[in-house]
Amino acid sequence: MNTSSPETVACPTQRIEAFSDGVFAIAITLLILEIKVPHLHGDEAGQLGGALLRLWPSYVAYLLSFVMIGIYWANHHYIFRFYRRTNHLFNLLNAFFLMCIAFLPFPTAVLAEYIADPQAGHTAIRFYALGLLLPAVGWFAIWLYASTGYRLIDPRLSPSFVNSLTRQYLLSNLLYVIAVAASWWNGRVSLAICVGLTLLYLGPPKEPGYR
Amino acid sequence: MNTSSPETVACPTQRIEAFSDGVFAIAITLLILEIKVPHLHGDEAGQLGGALLRLWPSYVAYLLSFVMIGIYWANHHYIFRFYRRTNHLFNLLNAFFLMCIAFLPFPTAVLAEYIADPQAGHTAIRFYALGLLLPAVGWFAIWLYASTGYRLIDPRLSPSFVNSLTRQYLLSNLLYVIAVAASWWNGRVSLAICVGLTLLYLGPPKEPGYR
Amino acid sequence: MNTSSPETVACPTQRIEAFSDGVFAIAITLLILEIKVPHLHGDEAGQLGGALLRLWPSYVAYLLSFVMIGIYWANHHYIFRFYRRTNHLFNLLNAFFLMCIAFLPFPTAVLAEYIADPQAGHTAIRFYALGLLLPAVGWFAIWLYASTGYRLIDPRLSPSFVNSLTRQYLLSNLLYVIAVAASWWNGRVSLAICVGLTLLYLGPPKEPGYR
Amino acid sequence: MNTSSPETVACPTQRIEAFSDGVFAIAITLLILEIKVPHLHGDEAGQLGGALLRLWPSYVAYLLSFVMIGIYWANHHYIFRFYRRTNHLFNLLNAFFLMCIAFLPFPTAVLAEYIADPQAGHTAIRFYALGLLLPAVGWFAIWLYASTGYRLIDPRLSPSFVNSLTRQYLLSNLLYVIAVAASWWNGRVSLAICVGLTLLYLGPPKEPGYR
């Protein structure tokens, strides 16, 4: 995008990273707005403690989505070290990915409201798994586009390292698809896959391999 | 604004760009707060899937406005490369433009709530088209002020390139005016113009021409 | 705050400015969340146009507060050029000022909801004038603390320039106090003072005078 | 995290600080969204002044939490000067701490709604004290991890200074635990401990001691 400008551009991904960081920070902090204060009237007020405890699905959903967005933020910084150039399609793919991150507070709120409902719980879990699948798809699309034929990534990265990331992101996508599908059969299994993937990504990122 | 200070100012537009980026990132992320979790009671809960599907206007409006703000963000960076100086009126015009960007979540929410309503749909589309016209007007005003007689833009830009941007922004404004007017006659045509313009702007920005 | 660290600090106000900019950008963008989509049911939907027009107090309040916060942002950058050092009390005063800026969306929403109400209008205007007085007091306190005896400001600034800013900020405070007081007598006069002050501050900032 | 990259990293904590600053600035500014405009109908509108005064718990809670987050922001900058390196666990602990900061608007809103309720007041205070204990625990965990055996902190810091910070953070945690416990016995004492700790932290930070 800047290649035709007479100026030399020291860090071509700096602006897109700053904007992405903004969206990450805002989306992660907005999550709390989806937890609503319980409104108790008259004598009910004495049961505020119980009402706050019954909000546990909201706390769990807040925790899950906060960790998920936090992981994407960390991974975004991790992987943007490898991108040497950007182009128009790369920017569009990154914007699509951010749109999915910024969408996450909504499925989080749906999960929080209906996870404990015997009739709607599995639907809420399916919607949340879909909400996690979307950014995973966006993330994978960015990586595939940038890494195919070393289009935008650091040419010093070793092919085996590049391939290992491709496999890892493909596997994540498959597991989220399975989580979505599993929700028709068993909501708990679906949720367990989502939580398990999040826990897996809490580990340290892969050491980059250079040739 | 900084010209009278003893210090030399390396990048006169840096602060205004950082502030603008903040407003872009926040407005784009706030869009999700306008999508409300459907509240179903008792037996209705079993229909959560249907209720989430019936929110499709909210998803479409979210998508449209996210892409629109994202495009403005990208274009803001694209065009600020050409601005060599700023002055007080330039800053005021940029503030007016940002005010219109920050306003966009509201017409987006109106569109989402009423687009499928047989009686109110065309009004909601008109309000949304107006919501898109406003930042387009602000954008055009900044450009006209900065480019007239090369007041604030890079003197190396070729007149034909400057004129081509002027024509392009004028045309956008005219098309949004037509979209607003068309809503009295046919809401779908109005919305199609809005969506079409957004799709057009998804293309790569014009290569700058230097003399 | 950093003076005892072994490192030299190039720009002592950089971090506090970045944080302040964040609060400005977020507060200014949150204003839109206080405008609520009118909920019309059944046949009422046909009157969406009228309902959107009747929200004019919300649009006016949005405009007023957006411009006000934008002016404070611009002035914050203008004046922070003159601050050469910071200290703990300076940081506390700046935090108090930011707290008043971040509070502004609330009196803005109160003004929007009640300005047209014959019984509550003057109360809403008084509350809004108070909401504008608060950051003006905070601003004045920062300046007084930093400028008295050139405690934290650039020693090259001429005394006449320093005094002219002191007089200007004192006058603003007095006028907001008058606006608050006037609301008991005549709401329109009170609002006119608030709007008038905002318009005055839209002008270019004073040229700094150096000795 | 960046140690294996061929590039030298000038400031290893810069990115995590920028992200943290974003969360601080957003959480502190979102607090205002928890104060809701009182909706008065018909003749009630004349009592807007009284309704705004009766929101005093919201103003007090806003003030308390704004100051609390502001103090954490200032302390975050103060202490990040001492961190020379980061690692994966350090980043996770910082993310946990930020999650607790971003959670604070919720207990603040609970406190504001129920503090004056004779039946629910003590529960709301307990929940708020818990909301303050959580970031204090996160803060202490980061410090303990980074300072034990000078794992990540500046080796030039004197052991006595490191120990004095450890004691201070441990004491804060104990006092918040006492505040939570006291709420079963006397809500006012509990709240007084919370407010007292906040006032204590308003003082200037300890001068760092170097060996």
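A, B, C and D are the chain letters, set down in written order, and residue numbers restart from 1 in every chain.
What we mean here is this: contacts are C-beta pairs under 8 Å (C-beta built on N, C-alpha and C of every residue); 3 or more make two chains touch, one makes a residue touch a chain.
Keep in mind the model is a prediction, meaning the values are calculated, not measured.
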{"item": "Neighbouring chains common to chain A and chain B, by label", "value": "none"}
{"item": "Fraction-based call for chain C against chain B, same above half, different below", "value": "different"}
{"item": "Between chain C and chain A, distance of the C-alpha-averaged centres to the nearest whole Å", "value": "36"}
{"item": "Chain centre separation in whole Å, for chain D relative to chain A (CA means)", "value": "26"}
{"item": "Where chain A touches two or more other chains at once, by residue number", "value": "22, 26, 30, 33"}
{"item": "All pairs of touching chains, each written as two labels joined by a dash", "value": "A-B, A-D, B-C, C-D"}
{"item": "Parts of chain D lying in touch with chain A, wherever the complex brings them together", "value": "1-2, 4-7, 15, 18-19, 22-23, 26-27, 30, 33-34, 88, 91-92, 95, 98-99, 102-103, 105-106, 109-110, 113-114, 117, 119-120, 123-124, 126-127"}
{"item": "Residues of chain C touching chain B in the complex", "value": "21-22, 24-26, 28-33, 35, 37, 39-40, 43, 45-46, 48-49, 52, 62-63, 66-67, 70, 73-74, 77-78, 81, 156, 202-205, 207-208, 210"}
